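Worksheet: the structure to be examined is printed underneath.
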């Protein structure tokens, strides 16, 4: 590995310089942060950012938890990108919209439940119910998408379904505008016992809930893929569709299942979004979709565990990065740079390890 | 021979652009036979297998147990009872040895995603059966593929073991007809001899009817009831080893190619 | 008021393309209809209330007395034709609530005003500024392509004006906005023109500097809070207003502990709030919009260090849906003084009540945002200016002197409009500049909170 990095051509030199720079910025920023945490009057911290204020432990914890909960959601969405890429070798950009459909479904269902008074009287039951409904609707959306738009393009060059997916993305967004209007809609209030800070480390219950649900969904998916014959069929199709067919695997049905499972995960993520932020609008899927896609790439697209890890990484990076790395470096207005930080992290990881943190395991070796 | 042939191929033609890889081939294979297919490089042997398993478009007729295979998807052909191995090994490299064999039982199992999601009793029983059968099949090759190897990714196996695993995987689909494409290619004489023995046992112990493509005439002589010779997409000889090996057209085909029988 | 909406490039490009295509269709299809349908049942021309004596006459002796030296050219309106003005406001998408009342106020003002020297006034089809730089630019290009247009009422959003004002004023037309508040479009109120100021641009909306100043005074003097921070969303409007607030707050002797920004699409506000919390401010001003404003109000109490911080916002969030969020309870909102009361527009004689009644009966609903009054006054001011700068020539055509229109507007002083007393300064700021601060007492009754004025100030 290290040998590969020894620069040979001009491009290699350029990349090496970029790598060193990226690592340098991160290292100096983190060191400055540590310095200013030890003491704001620390000469090193002062040197780099004279206005440094430092963070309290509670503030730092708040950042981490918020990054983790957001990242868990990215990870769930990323699974869908990763699985479809693993199996069909193209990026389904419309997957972010499936997530939005989930968030919208949850919004509609939860408000219905709220009208019926069930949301308050039986919150856990209601939450389970909207998760199930959202998973079903998203599964259906993803499956229809595969059947109508992608299956006819199965033999076409991969660029074609990719562009199609962008078109579908617009289609779903605009459909949402037509059906639900162009303004943001809110979930009903979460119960107080959930939003209140738990005594445990003073974390809000919503964030604990989000992290737990995401972990459960991830575990379920992992069991499905690793332990069941459906999962084995998916992996077989991902490795080699032709051989999988010759070994008796129904390739079409398996691909449908891949979309279905990815959709279901996006459905769960949609509800988690609702729990965290309560507000949905037709473009809710856009940015989280791109972040989730980045997560999949950071983790090593095609690798499911990697997607989840990539999600957490991107979530943490965008949440803590601005204050941990940029602020100590004296950059001002850092919070607006969170998206920039997230995507810079993506580029940084790709510079250091082009195949992502966990390489490419699920798909066949010949994929670029 | 007695009764209807298991595999009945009539006028099979496969074209790639202008090239006729197979040109009106007629072949019958009866249940319980071991038939070798030989011929110079590029004769169309692999293409014959590809046509049977729906990997290439073909015209003519392929009847299996009296019903056509043409127009089916690959997995449907497998469900009907045809399995194959590949000239250049094509395993699921990232999956473990056990998983390779388990996934190939896919079309023989009933439990769906529902059972998997809710982890039903029936589902668990079936998973256990699948696993047991996989281990039984792998055990056929001695100790090489069981034990700690069960959970190794296929990619790390030795070349000979990969070839064995390919056969195991084909066996797992529970076929009636097994198509082996150059099973001993690249093996050393010891391994080759051992595998030759196994081909016979595949018929005796597992009841498969077998068509095997082979260049090694030693192997061909040893295993086959019948030998079919292809050249330039047409069948030029069909008979037992001695008939075929003395057929002047066969000799000419090989010498004409400037090739030996290795 | 709103500036460029920095949404995703995709959406902007897409929307722009679609809207342009629609616009082209509508314009080509409706052009003729509008012309023939425009003449209103002619109320006799109301005499313009203010007449400014022409200060200088052109070299040539003109047939009638009028303002202007002809240096920007003359628009000739032939007998039977109408004087052309335009409306350029945000009338589609999620900002339509804000621009549509302004466009409608233009329609109603033209109807109330009647003819100019016996000529009808035609607004054409209302154009859309899309609340964006691109939208303003595209629409302005359509407008300046028509040489008969004398003046434009718009834009709604400051970002759109940044692109539209130079194009429109370069063509000799005037642009009068009922909704722009960015100081960059006029001046810093201390004699320095803003970077985006162009001569020929006027507005009846207040300059944000007034609003920032009044909010700062309220926080520092009335609430007695001495530390404050501000958050904007990168949009020139919110950034300018946040800056106006912190500058004024510092000038009063307060301590500005933080100044940061979010993106409009952000949902997780914990990082930015943590950044702000590091300075432990007593008050936090975020003059932004929904949905980002929702997330700040909801997440602020959960961030350690902001538990007791007073939350402040501007009129962009002063609407019933925002006030209905329980976490917004106790917040303060600054905004233009909308207590128009018995004010009467001097040119049409209509009061705010008259206007609202006409609006209801015409559109079946009340205006969704308060800048209708500013749009109305802007329109009557423009029509007064055209009246003063035009004459009927021998062949019966109306001759409008473009330079005269500006000359008139430059000299507007003590003009009574629906919004109060209007007077234009050297950089086009004509609004009354009156700002009020509203206290949100209970999320159960948002309507009541909307009018709960606890402080007012500003004004010329």
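Lettered A, B and C in written order, each chain numbered from 1.
The rule is short, and it goes like this: a residue touches a chain if its C-beta (ideal position, glycine included) is under 8 Å from a C-beta of that chain, and two chains touch if they have at least 3 such contacts.
Being a predicted model, the structure only gives us computed values, none of them experimental.
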| item | value |
| --- | --- |
| Touch-based graph of the chains, sorted into line, ring, star, complete or other | line |
| Central chain of the complex, centres being mean CA coordinates | A |
| For subunit A paired with subunit B, centre-to-centre distance based on mean C-alpha positions, whole Å | 44 |
| Centre-to-centre distance between subunit C and subunit A (centres being mean Cα positions), rounded to whole Å | 40 |
| Interchain centroid distance [CA atoms averaged], subunit B/subunit C, Å | 79 |
| Shared-contact residues (touching 2 or more other chains) in subunit A | none |
| Residue ranges of subunit A in contact with subunit C within the complex | 53-56, 58-59, 62-63, 66, 70, 170, 182-184, 186, 189, 195, 197, 202, 204, 273, 276-279, 281, 283, 286-287, 318-320, 322-323, 327, 332-336, 338-339 |
| Subunit A-touching residues of subunit B, taken from the complex the two chains share | 53, 55, 73-75, 77-79, 83-84, 86, 90, 92-95, 99, 102-109, 111-113, 116-117, 123, 127, 130, 169-170, 172-173 |
| Partner subunit A, residues of subunit C touching it in the complex | 7-8, 10-11, 14, 93-94, 234, 259-263, 265-268, 270-272, 274-275, 277-279, 290-291, 294-295, 298, 302-305, 326 |
| Residues of subunit A touching subunit B in the complex | 224, 227-233, 235-236, 239-240, 242-252, 257, 361-362, 364-365 |
